[in-house]
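What follows is a pair of complexes built around subunit A, which joins subunit B in one and subunit C in the other.
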Partner chain A sequence: MKRFISLCLALASAAGAGAVVGAVRPQYGGTLRAEVDAAIGTPDPSSPSSDPAQDAARARIATLAFESLTAIEPDGLHPLLATAWQADPRASRWRFQVRSGVVLHDGTRLEPWQVAASLRASEPAWKVAAEDEAIVIETGEPLPDLPWVLADARHAIVVRGAGGALIGSGPFRIDRVDLSRVSFKAHEPYWRARAFVDAIQIDTGRRPEAQLADLEAGRADIVGVRAIDARRLTRRGLRVEASRPLELVALVFEPHRADDSALAWRRAFAATLNRDAMCSVVLQGEASPASSVLPGWLSGYARAIASADGPRLSASAIGALPIDQRTVVVRVDPADLVAQAIAERLAVDAREAGFTVKVQAPVGLAPRPDARLVRIAAPATTPDRALAQMAARLVVRGAPAAAAPPASAALEATYRAEQALLDRVVVVPIVHLPQLFGIGERVGAPSTAVARPAGGWSLADVWLQGGRP
Partner chain B sequence: MRRNPNGTDVRVLSFAAVGFHGREWRTRLASTALALATLSIPASAQPTAAFVDLAPDLASTIADALGRGAAANVTFAPDEVRMQAEVVRLLAARGIGGGERADAAKVTAECSTNLRERVCVAEIRRGADRRVVMITRPRDRADDSGGEPIVGIDARPIYTQRHPMLDVADAGDRLLVLTPDSVALVGVDAGGARAIASQPIATARVWPRDVRGRLRVTASSYEAFLPGVTCRGTTAPFTLACADESAPWPAGGLANSGIAPSRNAFSTTDGFTFYEAAPVGSDRWLAVGERRVLTFVDATGHVPAHGDPADHAAGFRQTCAGDAAYVVTDGRSSEGNGDTLRLFRVVDTRLVPLPSTATLPGTLTALWSAAAGAGPATAIVHDVNAGRYEAFHISLSCAR
Partner chain C sequence: MTLRARLFAVVGLVVAVSVTLVTITISAAARRSFEALDRQRTSALLAQFRREFALQGDDVARRIDRLAASDALQRTALDIGRRGDYAPFAGEASSMAAAQGLDFVDLVAGDGTIISSAEWPARFGYRHRWAGSPRAGSGAFLQAIELPGETALGLVAVRQVSSGPRTLYIGGGRRLDQQFLRALTLPDGMRALLYRNVEPEVSRQQLVDASGQAPPAAPLDPLIARVRQTGQESADTIEWADGPETVDAIPLTGPGGDVLGVLLVASSGRELAALLSRIRWSGIGFGALGVIVGAALSYAAATQVTRPVEQVADAAGRIAGGDWDVRVGDVDASREIGALARAFDTMAVQLVDQRDRLVQAERVAAWRELARRLAHELKNPLFPLRITLDNLRRARTLPPHEFEEVLDESLTTLDTGFKSLNVVVGRFGDFAKMPAPVFEEVSPNEIVERTIQLVRAQIEAPDRPPVLITLDLDRACGSVRADPEQLGRVMQNLVLNAVDAMPKGGALTIRTLPAAAGVRIDVGDTGEGLTDEERERLFTPYYTTKQHGTGLGLAIVQSVVADHAGRVWVDSAPGRGSTFHIELPRTQADAPAGASA
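Moving on, here comes the complex of A and B:
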């Protein structure tokens, strides 16, 4: 479990790291051009959305301007706008010490009452009040993981200025928001030191193919990259950076294939998956085989998850099935080429075992599928919170409801909940994917990676070659 | 959790108000270099001792799941041998052992972390029964920074000459250099090293083809040990007198009867033949035995080590790593013609490789451990291409 990523992902990361050479003094200045595929509408991190992709893109962009009280890093929870915290024995009344000396984008100092107001707006159920240099949060119910909850982008501290202006404390201030572009300027008195670049412009709603073309043509400096495109960039000498695994690709059987009478059938089908080949060939070494919902670095127990062992149909039994039982229609998102590539590989593997898989990427009405290939974000947080969020998304995508671990559950309870989710083989994990970023030639050899291990960007540390000294 | 004076538990997580002033590019670049170096470290060499404090709880949990009188075959990942050894030891103390028994449960365990805690998980299989137990400990940054120390090999050149050297020893502010023919007193100053005086080794013996020699300095006197010959002298005035007699050599503290006149190996009192001995703890050594087999030697006997064979071994007791024992052995460098020193941590009878090596400029001809591993070892290297012999002090550096 300590080696949470597979060999192929490790090698890919190392290869990427190998490109990071040359100790060059960073330069200040210039405008960084980045692109994301989702349209974000508003950069307000507390703005509700029903689209997970939009949420993710907004969270990524919002961190440029807005900061939370806490931050999640690969080694755990860190203080950010809070410097310390403590709770009463019930963990329902918390006191967070607010960092002093933080200058907001409007030039004023961040005050505890502003922090309290922001949190009341993002979480109306809480009672939040300023108290000296701290804020006090009463959650009602015990919430032992509140510091982890507050690291979410939606709980970032947003001060609402005159005319609805969004004022934050992050390394960049919002300069302009257009339909397809959000522009930022460097926040000079940023409390963690000014960013290298003068400005950032982020084009939103850019299709993956367009992002790839823009990066290759030098029209963009940082873009999102699909695993299936990673090798194309590295062959051109461009860097690809990866986070830790932050997304699950799984097969979810539809209700008519999900009853107990089909358990041996599902086990037989699941056993045909060649995850290593998907990882190394289809996903070009930028993924890790998954047998669990949570990636190992988020759970710590991934290898203890039992695979789909148990009685399963033999090859001869599969061959004797009626044709409709041997044919499996797998539905994928027509716009998702990664899922389609995985499904096509899945079809090849299943065919060898006697199944016939039809990959269905419907743009209109289509026959009822037997299973869906789904992609679920794995949030970098505590195991119980991550599993609860992923399980909820799986249910939305057709998985049967499973008992979620209780909030702030002990790890063993989370493990049992995850094992129970997988025991019936209705949800079949396939691979874990990281967030991938393509880095353009203008981006100087970074002293820190652009891709944060726990997800998102680290653009304050990025500098551009050719910027003014 | 902290306990209030009134006895109630209060969950407290507090952090120093440390600023994140983060544009110091040199520091960042150094960090990047370190990160890249870390990426290049073999996975098997990842430090795992950060979990050893969880071993008692894990062993207790496994024991409870197994029940009294049970037998278990416990395995961890290959890079967790220290943890495995500790858990096996603790289980044995609870009367659970016997991995060779037919009814032994198969226990597969592993330790890891998530963002919140450190985790050790054990899967217990007994026949068709499967059970998973786990224990956790909150993760904090003190754990991360205070875990396994970073230990590296330092090779410091101390003397070079064109003629063969057998050993070099400090004698105050000077060096004693032992060759097959003489003992030289060498002064070292800003201008370099130069021989001040030399005393011939007067003997009628013909040296074996692989002649070996050892120096031992005590205050102003010294001894030179050669096969079948023992010499004694003083550094001020510089004297030397040799006699055809065999005497025990200083071989890392392992008792021996010296090297026979026409041989190149030592023998212990119970007849065990060895070439070099590395102290790895109190009254325990890792010896280079016949056919290059590394063998642990203590009062109970001789046990082959789990590790690659080697021609040389030196032992160290590194204070910054607690009571852990480390050894350096030799291997052929993949680049150039020089030998490579490799570092291992001694865990039970296993040698756990650590990601530190030192490449030498030639062939290692001798590696002498300090008594009880309390100081630097002395390495003698023959650089064939440059046509010279070089002496090095080999020590370990340590950081957390």
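Moving on, here comes the complex of A and C:
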């Protein structure tokens, strides 16, 4: 009897061990379900858009089907469709060796002239020509960070087939584009290796709350997650992955509060902010305090930026201010709960210091605010370009100096421009936010992360439990 | 005021006063009853509020006890002690509040730092204001709770949670707001309001009723301010647009005795006001009815009393108007009024008798006066006739040619004398035979002008004293119905009389002017004037103040004016001249009753 029991226990242990091995071993097959909050319209990464959320969602999806010449990985810049590159001394004429043997989604091989045509479409100002197995890019002006620039999804190589079909070289090919869903299928002859999953189904235009609910209910495998919901998922045992910080949340004072006479007041107000508490509690450890516009990984000099926050005034000193200076109306996007949570903490911090902050999240007409809490993306490109783009989005009426672009592409010039931007304290950086993704229980953990460092998904190496063994 | 009106006033006053007194008495009794009822209802509501307050407090304390003893909180306390980092626990309070159905739950570190706050999650890391060891373990208490956009009033309890060396506090409770007010059972006509005393000044935004709306509260402000200031109960009667309301204000204090809120128990006085209004209007209605009935009764009573008196008065008026045959002996009256009527009839009989005797005496006197005047008038012409006859008798002895001469003279004298007699007789005859007037449309102004034209030569004769004639004729007089011949004679008599009254000359003024009943003609002189006796006898026939007058001129004037339904009178005083006034109606139909000279 004891032998029988021991045998049963041994069999049960073996079966359990097999199940565990099956759970961690990569498997082929299955359809991965993902959701994004924006409606993307077309998956063409070079298609112009005025909606940052749509740009981000489109870039995220585009990387599944379209590849760039270079890619930003956690450990730095890597070649992708280009195998090597070199520039002239001025860094205005570049030669990129195009990877050979890359099969496009239509079964043809990727040719350098197709790469050149794609880049000419996305950057009309450049002169791009194919030379043998390479392409030559003449930017006109020195552009030492061009390989970083080309890693951007906007510069992904898109071959336009008959009837305007979008053809790429990525691990997945576009199968179908509907109003609220984009479907992909695995690209069998992918030049690296075929993806584990057979297909990807991406629902677009899903609200964050709905995405969260779908993930928790097992109706979705990968969704976008807000920082304020991250702890909720981890407590349920679900994984949350983050990109590098790709968004800046900043307080931007309106023109009537932006003149030099109010500089000391703005500094005093900025000094009340408790960024650490915002990051650790409100944003649940998924954000980093920001004292600069550009995130540190992008500029490299973030720690060198001198804080423009003034000394904290005593409550009595603030109480002695005129009533209109003690009361600050901060406007936030009524649809952005993250910004609202930050604004509420900002209001608490300021209130404890003696200010009265009214958080205004209007859906219609509302009184003129004193400041706005803005949330802008930090493009994964060169620091000067990123600062120029971000500063342009921080432009407020009556404060054009706040958006002065860097004088040159030199990092020092970018640093000086950013420092000058922050010295006026019209723009007060608060936190840098990454893109967060909730990963469902079905998704097997690959060696590489699902979230790419510069945003987007890396789904070629993801498998689904219960997929085809 | 007539007897009837006086009687009416007295009866009306008595009825009105009686009804008013009854109304006031009933109103006062109703008011006292309502006030007593109000006090009872307010006391009952306050007792209910205190009971509900205690029940809610016990419930809050029980729920906080459950939370403090829960495994989840114990585990959290352990985790906090182990990690030393509060950040992962910032959302704990919200789930605890949801689990226990509480509006507020705060997880507070031993040093007072907020670890998690359900009602204000963003406030973590700051110092908590009320959850601390002094209040841990005690019952529920009232507390002002800070929230993102407001300060609320809450019924809260605090408990201590110990896990190893670390101490945590958990505090929480429920809002004291319209939900709480809704739990109160309010009788009809009563309402409960809650004022949250969380602002430096009285703010209407802090006043809620069971519906959660801030009622219009301006009239309540002074009452709330008083309770805030004194911390004592107070009451006021508020006059709203739709009626009065009695409001009792009870301070709600926190553990430190500070006034955190004010409970307002309002009892509508609208029912009382409506009842008082009904009583008042009933009083007015009954009063009006009483006055009407009293008026009818008083009219009937007054009629019984005043009708015989009115008959006597009417009879007296008719006697005064010349109807001497009136008697009131058949009047239906009480004893006193009957005696009055009989006395009146006796008086009327005596008056008729005396009048007849007076007429008889006046008639005799008139005949005597006529005889005296006639004798006087005839005596003057008869005396030369008798002398002439004596002369003729003596002349029979004279020679014939002398007799002829005397005869001629005598015949001439006799002729003159007879003519004088004839004139005298003619005048008396004319007065006796005054013809009836022939009416036609005549202009008084033309009559006056024609008269002056006729007599001007006579007045302005060289041997006459100078008389200044002034005519002041108003063209607005128009015309009157009159006999132009007789009216001319009247004017002629008056003008010549006026001239005769001014033997040394003077001013003659004739004026015409419209009068109420027609036209007035004034003839004034600046002569010697008349004495009172002369004025009284002026229109008596054969009375004259002149040496050669017949005394018929003014009698004729009065007779003609009377025939024209007009009247004539004189204003005069010695030394100030005289003015004769004639007033004629435009038509005879316009003549005033009893018009006479």
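General observations
Here is the rule we go by: the second predicted complex is superposed on the first by the 426 of 469 C-alpha atoms of A that agree within 3 Å, B and C clash if a C-alpha of one lies under 4 Å from a C-alpha of the other, contacts with A are read in each partner's own complex, and residues count from 1 in each chain.
FYI, a residue touches a chain if its C-beta (ideal position, glycine included) is under 8 Å from a C-beta of that chain, and two chains touch if they have at least 3 such contacts.
In this text the structure is predicted, and so the values were computed from the model without any measurement.
In the three-chain model built by superposing on subunit A, subunit B and subunit C fit together without any clash. Using the contact criterion defined above for the overlaid structures, shared-chain residue A:E133 touches neither subunit B nor subunit C, since it reaches no partner.
By the touch criterion defined above, A:D51 reaches neither subunit B nor subunit C.
By the touch criterion defined above, A:D178 lies against neither subunit B nor subunit C after alignment on the C-alpha atoms of chain A. Of the two partner chains placed around the shared chain by superposition, subunit C is the only one that A:V281 touches, whereas subunit B remains out of contact. If you count the residues of subunit A touched by subunit B and by subunit C, you find the higher number for B. Shared-chain residue A:P383: touches subunit B; no touch with subunit C. By the touch criterion defined above, A:D106 lies against neither subunit B nor subunit C after alignment on the C-alpha atoms of chain A. Shared-chain residue A:A347: touches subunit C; no touch with subunit B. Closest C-alpha contact of subunit B with subunit C, superposed model: 16 Å. Shared interface residues of subunit A, touching subunit B in one complex and subunit C in the other, do not exist. Residues of subunit A that touch subunit B in their complex: 1-4, 10, 13-14, 17-18, 20, 23, 25-26, 72, 74-79, 83-89, 91, 97, 99-100, 144, 147-148, 191-194, 196, 296-301, 303-304, 306, 380-383, 410-412, 415, 419, 446-448, 454, 460-461. For subunit C in complex with subunit A, the touching residues are 85-88, 90-91, 120-126, 148.
Partner subunit A is touched in their complex by these residues of subunit B: 8-17, 19-23, 25, 28-29, 31-33, 35-36, 39-40, 43, 46, 48, 77, 79, 110-119, 121, 123, 130, 132-134, 136, 139-141, 144.
Touching subunit C in their complex are the following residues of subunit A: 231-232, 274, 277, 280-282, 284-285, 341, 344-345, 347-348, 352, 359.
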